[in-house]
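In order of appearance the chains are A, B, C and D, and numbering begins at 1 in each one.
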Amino acid sequence: MADLRIDIHDLQLKNPVMLASGTCGYAEEINEFFDVSELGGIFLKGLTLHNRDGNLYPRMAETPSGMLNAVGLQNKGIDYFINNIYPRIKHYNTPLIINVNGSTVEDYIELTEKVNELDKIPAIELNISCPNVKEGGMAFGITCPGAEAVTREVRRVYDKTLIVKLSPNVTDVSEIAKAVEGQGADSVSLVNTFVGMAIDAEKRKPLLSTITGGLSGPAIKPIALRMVWQVAKAVKIPVVAMGGIMNATDAVEFILAGATAVQVGTALFKNPLIPLQIIEGLNGYLDRHRMDSVKELVGSLQV
Amino acid sequence: MADLRIDIHDLQLKNPVMLASGTCGYAEEINEFFDVSELGGIFLKGLTLHNRDGNLYPRMAETPSGMLNAVGLQNKGIDYFINNIYPRIKHYNTPLIINVNGSTVEDYIELTEKVNELDKIPAIELNISCPNVKEGGMAFGITCPGAEAVTREVRRVYDKTLIVKLSPNVTDVSEIAKAVEGQGADSVSLVNTFVGMAIDAEKRKPLLSTITGGLSGPAIKPIALRMVWQVAKAVKIPVVAMGGIMNATDAVEFILAGATAVQVGTALFKNPLIPLQIIEGLNGYLDRHRMDSVKELVGSLQV
Amino acid sequence: MGNKTVSDFIVTENIKLNDTNYLLRLKAPDPLPIIRPGQFVNIEVKNTSEIFLRRPFSVFEMDYDKNILSVIIKILGRGSKKLTEVIAGDTISLIYPLGRHFTYPGKGERILAVGGGSGLAPMLFLAKESGLPAENVDLLIGARSASDHIDVNAYSQYGSLNFTSEDGTLGTKGFVTHHPLFTDNLKNYDKVYACGPEGMMKAVAREARKAGVNCEVSLENLMACGFGVCLCCIEPTVKGNLCVCTEGPVFNINELKWQI
Amino acid sequence: MGNKTVSDFIVTENIKLNDTNYLLRLKAPDPLPIIRPGQFVNIEVKNTSEIFLRRPFSVFEMDYDKNILSVIIKILGRGSKKLTEVIAGDTISLIYPLGRHFTYPGKGERILAVGGGSGLAPMLFLAKESGLPAENVDLLIGARSASDHIDVNAYSQYGSLNFTSEDGTLGTKGFVTHHPLFTDNLKNYDKVYACGPEGMMKAVAREARKAGVNCEVSLENLMACGFGVCLCCIEPTVKGNLCVCTEGPVFNINELKWQI
């Protein structure tokens, strides 16, 4: 029984297995299956300042070993969250992290200020990498100046752990990582989805209402793993990894590549119990490799 | 029986189904299975000015719906090709296209000058996107100035059809496409492989000798399709598409998205007969949709 | 915590109903919860490289004594095809119970349950569970041709059986809404229920609205998760975009923004 | 054009040889070409989402009358496991014939064929095809334990059978190179052939080189295509990096750059 505890800046995790934003609702939906307190942490569905209806149906297309989504950040806005959802979930005994989204820097700031007041939210994940919204979103995450600007301004108003979520749709993700580190990010998380597309050949039409969407799942794992490896070498702050993690072996690979913790996303759709299987499998792996703590595993790839 | 003929600049193809460089050797290996004259064209294994041993073994790792390779452009150099291989294959009744690789602009020029002399090579594919070599390769393909420089210089010395092969490992592939179009490229082909990585969790080591490699196969298809769609909208020159094409439906999707022709790559490893199946399937598709020529299909996605 | 489960069921029977429909009986490892007509399960498709996500199917029958849950699978594409190839003894993973059931009819009410295509299962289940005497229940089943119909004679004990076929080879020729039950006396019903292809459900909804009859439909939107986290299955409603998997699949037509 | 083929074979038999080894007999749709010991086929692994590429297996037996090709599959990982689950009647796609065969021994020569693990099949095939009287052929088969050995008694008609096991439960205790055939009289052979785990082949090669005996080994490098186009399977040789799938899998040890 190895020690699975690990920290991301001020955030103390009982284990490094967390749920990815947009794939686990507001935690309650997963709590229907098991006690979410067993998890290392939960990144809640992306929130914006105001209600968003999201994109039109259809929003989803299956792809080889993956899927495209074009949800477009459907959510009821931060105030609704604070008044209606937060009271119901704040007692969960695991860090709940809010995924913060905006169209402008001002949006991000205003939203963050509100989140800063929430006692039971110990961290935010600044989403500058959502490919499914027309304004803001990924636009901030694909240039260094854009990423720096949002991070800097949000850092000014936010006291707790600030994780910046990076887009993989860039030439050099480690540059962006270094840029946000330079502006005071406590951690970076990656990868968000890859911009992809699917077509119905018979109907000669795109399968998504938005034409393009975000690719996730095992298909992207090799690219995500490479990016995590590059970023972990480039920055000193902890890296939270995601992208196609389906089992404990996948999680171990990302941790070996330098991740301090991992997020499970699309895998939940296949089987919401996968995070528990990963925690167990990680434990078994550490025992088998005679490691006392998961900390020994972080970045221990032999190259 | 629809008309499958289509042109890429001066290159007249009997059908739009070609083989991707590095996945079909020098055509002879595929000719062991069927008469390669049935194909639209063949992009030969990447050539360099001098012999290259390529990277160390292991060079390959299987991934979900795809594979990573780290071949590193192993080839015997252009002179060996001209003297030993070219004479054996030049009678094939299908366009043979040489995939041109260099570490410096001078390399590209020298190589292209030699290729320009080969009667039976009607086109080159300028590979500025190989992720598996230390110098040159992808470095030229991920910035506009780099891509422009090689294209401009090669264009000066090359008279026939010049296709530039783009890297998907960039923030905005359509910018690079426009840049090479501006320097006289007759066509762009995309995508080359995505930089990815695979780890042996038990051994705690990378699976590839080079740590990272190039991801190909169906896993990348949604991203490749999106990029082809973006590029086809951005440039006026014909687009040659590849990335995970496994069957006629996949090929149709790329053509709908704007590709004039497609290349079949990794699919050959699963089944070298797939290109023939695609030609047949494409024919059936056009008949079913009452189109007389594949030209009607190009870019006809309804959005 | 939790009233949803992911479990491996054992296939006890796979019965071919006709060329494209199969009945799967699946034995649960643990006592099954109450599951009502309209609710569904999300089934994993194993042993294929083409399918990544689960596929949702309405529950057709519950046998709490034997701990068996049944579904009817109509072959539509690759996933449904693969699922019809399972054999007794195979294990198959289900997420359950999912979604909301139809509103049960009140005592003494008269109902019409209209099913077509892959939407048959919940209608048969509803007829059986309605709690009404058979004479209060009309089942109307539409298909393209007689050969697309499956044998539902056993259901005559729960309601009267009526059929339409597009080619006239069984029952009334035409679509379900061409049947006399629609054209003559729709107003006589207290509730109309429908499940099937979108076009059919919209036609039913149109008639029901015209006749002023309460109508519920079960939608079959594309789903990634099935339990409310991905927000892919949404349907525009008067309350905004709602998840079909958690707020549906059963909706009253007055909640929907259908242009009918 | 063409002496390589991709075809769907029909599984006629799947025989479990021991806990991890299975013998598959596969019937070809068309007359089989001549295939010799050391040559291999590349087999598609269907009905699984985990496997993308084919898996290479040496040919074990050719029955030209019945048009049947056989392979022995040792379960190593997910692909080989899946292949051992096929049943008679299944179709299975093969690319063939691939690679180069062992150099046949000259008339009257004495040979030693050493097989271990997944490398047994081509050694048995070679013993059978060598064209030599049984007394000129020594077969040496190594495994971890008696239970890992498979029954090869039928091969006593082609050569004398010798065994090693790491735990001493069958034949000489230790590795193949600990067997008296190696320690006592290796020089007596004209040719030594080996196929098996890399460590075993290197040990055999070392002894053969020491004894000055001609030695060929069959390598099992990772392959993507199997027919010479991907350049993934390379082995450093005195002629540079060569593809194991086309220039091998059989190599004379003097061609290889092994540090032995």
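Couple of notes before you dig in:
As a working rule, contacts are C-beta pairs under 8 Å (C-beta built on N, C-alpha and C of every residue); 3 or more make two chains touch, one makes a residue touch a chain.
Note that this is a predicted model, so its numbers are computed, not measured.
Centroid distances from chain B, each centroid being the mean of CA atoms, peak for C. Rounded to whole angstrom, the centroid-to-centroid distance between chain A and chain D, based on C-alpha atoms, equals 48 Å. The distance from the centre of chain A to the centre of chain C, with each centre set as the mean of the Cα atoms, comes to 36 Å. Among the residues of chain D, those touching two or more other chains are numbered 49, 51-52. Residue positions of chain B touching 2 or more other chains, listed in rising order: 63-66, 217. If the chains shown are joined wherever they touch, the resulting network closes on itself as one ring, and no chain has more or fewer than two partners.
Pairs of chains meeting the touch criterion are A-B, A-C, B-D, C-D. Across the interface of their complex, chain A is touched by residues 1-6, 44, 49-54, 93, 95, 221-236, 240-241, 246 of chain C. For chain B in complex with chain A, the touching residues are 61, 63-66, 68, 142-143, 169-171, 194-199, 201, 203-206, 211-212, 215, 217-223, 225-226, 229, 244, 249, 252-253, 256-257, 285, 289, 300-303.
By the touch criterion given at the top, residues 47-49, 51-52 of chain D touch chain C in their complex.
Across the interface of their complex, chain C is touched by residues 22-25, 29-35, 45, 51, 53-54, 57-60, 62-67, 69, 71, 74, 217, 266, 268-273 of chain A.
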